[in-house]
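Here come two complexes built around subunit A, the first alongside subunit B, the second alongside subunit C.
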Partner chain A sequence: MSAVAAKPAAGGAMNPAAMGVGIVLLILIIGVCYYISPGLGLMSLIGIIIGGILIGFGVHFVPVGGAPAAMGQAPGIATGVAMLAAGGGLAGLFGGAWAADQGLVVAVVTGGVGGGLMMAITCMMVNFIYVFGMGIPAASGKVKNDPITGDSQAEFKSQGTEGHGLPFVSFVGGVIGGLLAGAGGTLIYLMLLDLYKATLPTLMQATEVQILPIAVSAAGIFAVGMFLVNAVLTAYNITGTIEGPHDPKFKRWPRSIVASAVASALCGLVAILIVV
Partner chain B sequence: MTVKVEVIEGGVPHNQILATGLIASLICLYLSYLNVITGTMWFSFFGGLAVVAALYWGSHTIKVLCSYGIGTGVPSAGMISFGSGVIAMLLATKYNIAAPIVALVLAAVIGLILGYLANEVLNMKIPAMLQALTELAIVGAFTLMGFAVLITGSFTFTALTTGTVTILGLSLPSYQASFIGGCLIAVAFLLGAIAIQHPFNACLGPGWTQDRMLMLTAECGFLSMIMAAVMSFALIPFGPALISLLIAIIGWAYTYSKYFELSKRDAAAWLDAKPIPDVEVQ
Partner chain C sequence: MENIVFGIGITALTGALATVAGAAEDTESNIGSQGDPNSQVQLAPQMGFLHRIFNKAVAGEPPAYGLWCCLGAGLAWAFMAMQINAVLAIVLGCILAVFVQGVYATTAYLGRTASLKKFGQPVYVDILKSMTTVTMAHAFVAIFCTVTLCYLMNAALGHPFPLPLLGLVWGISLGAAGSAVGNPYYGKERQYQNQKFGAGVPISASGNIVRYAEAGERNSLDNGFFTAKLGGPASGVCFGLIVFLELWRTILFEKIAAGWGAIIVGLLMILVFTIIDRYIEVWARKTYGPYTKPEEASS
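Moving on to the complex of A and B:
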């Protein structure tokens, strides 16, 4: 059986009933938010949910290799999802946070570019180490030809491995993943920052300048927390490793979208409850 | 896919560790309320002890969860624990004296929903997942609350966001010199997240023994407590901060020497696994 004809591993099936429960839960949480804070709170929650979905979807693109990749037996970056998402996504979040004063669009794009840049550098250095340090070529085990360049992979793949190194499609996937995850993390941060800047002065009887450190810090730590929750849930979805957008496991993304939306809505609601 | 690769042989059952960690951590958090009753900061160190108790329980929960091959690495469990815990903990601090109880309930609800999402929506189907993610969220919330108490002497939202700076002998309120305003919470977050995942990550394998892993957890907890106690010099008076630091150093030295002994004990044991059969024997 060729690698292309291989069926997705067990656990790839959808669970429609649970997806339904998830969507009902999502609507319920949005309803609760509408009840307690119909204006600013609801808008922030929707932004947070979109950010969470971007993170959950984005992580699917990132070539996560895990321990087998460290031994050159599977393609991808040789570490776990939590570390990679934290590296790429949080780099984007910090980049976006610097541009927070320049408006939503500029800041979100900056966050995306920051995350994509971080992943591009990571992917390039990973390939440097694979090729010049470990002496192994880049070859995918999941497809016959690279979907972007069309280069054939089988000749370069060592027997007994699932491929190794970082093929071009994985590299591109990593950059796209960094872009989406960085933009998503920044969006969550900006939503919470705007909400806290608007509500904390009345809550704490202080001026906006005085509460700014608290607004920035609380929004930042919440964004980091939600980022990690979404990244780890996505890691559970792909059961640890993925090669990039050409991997059969990539088709599991609808499950992750539902899970990320519910998890972000839940965490976002709690974060909004602090100030309303 | 969900094959349990290791079983707990002998040792203390998980439920007993759960109960001990939960109760000890709650009691320590409430003992720190003596600060408010007596109007001093001398009881801040109880926060550090709450951290150690919560981590002790949390690392064993990670062992239970990660014994099923979840495929994402042990650190991810520590990250989701604190990611969900920090959200529950910050809202709970608004409820003054009830904060630890509210953190417990809120973290349990968040953890339960995340566990449901992981198990049913994402189709992980791991029997321990629901309970483990619930426990881990509570551990994350308690650990962060413990660090907050250790560093600022209190677990209320006002105390965590308001500090004072002294300029030329004049005491002024400042939001920047505080646990949240100064973003010390980010340091506490990672101190805890690393301390909770490291012990099982370091001790896993065929030579895993429960007492050695738990001793390493206590050691990691006290090591984090040393860092947090050093940070607490900025926010609480010198005397109480020094007491926290001394307790942390003594606790760390004791647990480290114990861990060293246990490591030597376990290293002497040899597992006769014989991966390559002897073919040369005639």
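Moving on to the complex of A and C:
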């Protein structure tokens, strides 16, 4: 078999053994947390894991074209997977943190909408610059017709390229990715904030008002850190570029979910251990 | 009511600052050639095309701006803790952050260009001297505007995050917006000005970037001059809209229905941008038309 005909190794394949090891690790970390802090700590860890999974799953939706997209050689947004997801998700975290006083559900949804709004504006402006700045219509290289609008794609693909711009399905994918990533980041922040607000006063022998700036800062920094961990892990799973939910690479998400869950659990355990 | 009017005023100011920050960020990254199109600047000498383009991409724009804005905000925060006036503290913090950017730009250019020695690419000292200061000046504008808007969010609008964390969050978002919108215009439209307008760059043309200007060899200042006309302002509008609308919906509608008001307005705005995007997409398909006939497309 020639190098050209050879299938890429470990590209989209699932490895059941590795997934099994990941799940065992996840149960082990949850068990350790249960042993150390069965109440609030465990609840926080579960929230952090769910948040991490939301980020990991959400990043798969974000259409990222990387360097080829910057030359109009491939569809998607011309930047890195982790970077764009972080930009959208952190904008969501900003809104979610602001709404933290209004309860978990409102804050998480606010965070999600903040991330979705950032991605909607960015995706719209990307198409604006492609169409009005460069005279290039959007075209997907992975599907013949847009799965949402049914628009044909192949004849709008310029010669020698894999497509360009953001077809409608990619735009929708970007918004969904921003929604999920923003909600996930906010959930991690809120879980840690509740934990720190409950434990730091006794640990530092101070009132809740006095420890609030430390609790907010520590929870915020951990949330940003865990966001980047999950976004980078997912970027490795995607390996380079992805067009959105219609891209064949999207099917790799189960692998990323397990990885995000384990990584979030481990990072969350560290974040819990500093106060328990 | 006064609080809302004050909040709207601050929101408008942060939106304006964000617009300037986005435009300066994209122009800085294009002069420094930091975004994804820099892959072509790095590739060109390997394909035999020696050039005089600056080359400082070590990190992507979002983490780089996350670092610089966080640094500027952190230092400003420290100066304010030392009872220095807020305006002066922000200026001093941003100046120090820009020095870090300058060191980063210098070492990146020298390191990346020196790595191309085997392909005959020279390190131009005059390029280093003339470009670095210009990128630093643009970076200062971008960092100063971002740190100032973070300060306004924290001090005037009461966001709970401390200033350095806000700097990190909005620095990363600034880089993400600037690179997403500005990169294609620099990469396709400027670096490949010798290719056909209205089509993507064929993959076979990779590395053959435009290296000559109207007089003499093209350098990165020419690129900044070009992209500042559309790519920069578009990036600015993108980041400005993100900051302005995020704050606007929160300030005005957060109190309605226990927080759900801001959520519903946010969803409506997403819907509006979806409609605008679809209109742009359909307009382009109708106005520009297909490159090939549909029946030939399956080949």
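A few comments on the model shown:
Keep this in mind: the second predicted complex is superposed on the first by the 266 of 276 C-alpha atoms of A that agree within 3 Å, B and C clash if a C-alpha of one lies under 4 Å from a C-alpha of the other, contacts with A are read in each partner's own complex, and residues count from 1 in each chain.
One rule holds in what follows: a contact is a pair of C-beta atoms (placed from the backbone, for glycine too) under 8 Å apart; a residue touches a chain by one contact, two chains touch by 3 or more.
Quantities reported herein were computed from a predicted structural model and do not represent experimental measurements.
Considered on the superposed subunit A, subunit B and subunit C are sterically incompatible, since they clash. Touch criterion met: A:213 reaches subunit B and subunit C at once. Applying the stated contact rule after C-alpha superposition, one finds that A:94 touches subunit C and leaves subunit B untouched. In the superposition on chain A, A:221 contacts both subunit B and subunit C.
Of the two partner chains, both subunit B and subunit C are touched by A:86. In the overlay built on the shared chain, the residue A:249 is in contact with neither subunit B nor subunit C.
When subunit B and subunit C are set side by side, the one touching more residues of subunit A is C. Of the two partner chains placed by superposition, A:142 touches none, neither subunit B nor subunit C.
Of the two partner chains placed around the shared chain by superposition, subunit C is the only one that A:116 touches, whereas subunit B remains out of contact. Of the two partner chains, subunit B and subunit C are each touched by A:66. After overlaying the two complexes on the shared chain, residue contacts for A:133 are found with subunit C alone; subunit B is out of touch.
The superposed model places subunit B right into subunit C at 109-117; the other stretches listed in 1-9, 19-27, 109-117 or 145-153 stay free of clashes. In the three-chain superposition model, subunit A touches both subunit B and subunit C at residues 66-67, 80, 83, 86, 213, 216-217, 220-221, 224.
Taken together, the subunit A residues at the contact with subunit C in this complex read 66-73, 77-80, 83-84, 86-88, 90-91, 93-95, 97-100, 102-103, 106-107, 109-110, 113-114, 116-118, 120-138, 144, 149, 151-152, 154-168, 171-172, 175, 213, 216-217, 220-221, 224.
Within the complex formed with subunit A, the subunit B residues making contact are 1, 70-73, 75-77, 79-80, 82-84, 86-88, 90-91, 94, 106, 110, 113-114, 116-118, 120-125, 157, 161, 175-176, 178, 180-183, 185-186, 189. Across the interface of their complex, subunit A is touched by residues 35-37, 39-40, 60-63, 159-162, 165-166, 168-170, 172-173, 175-177, 179-189, 191-192, 197-206, 230-231, 234-235, 237-238, 241-242, 245-246, 249-250, 254, 258-260, 262-263, 266-267, 269-270, 273-274, 276-278, 280-281, 283-285, 288, 290-294, 296-298 of subunit C.
Interface of subunit A with subunit B (complex): residues 9-15, 17-19, 21-22, 25, 66-67, 80-83, 86, 204, 206, 210-211, 213-214, 216-218, 220-222, 224-229, 231-233, 235-237, 239-241, 255-256, 258-259, 262-263, 266-267, 270-271, 273-274.
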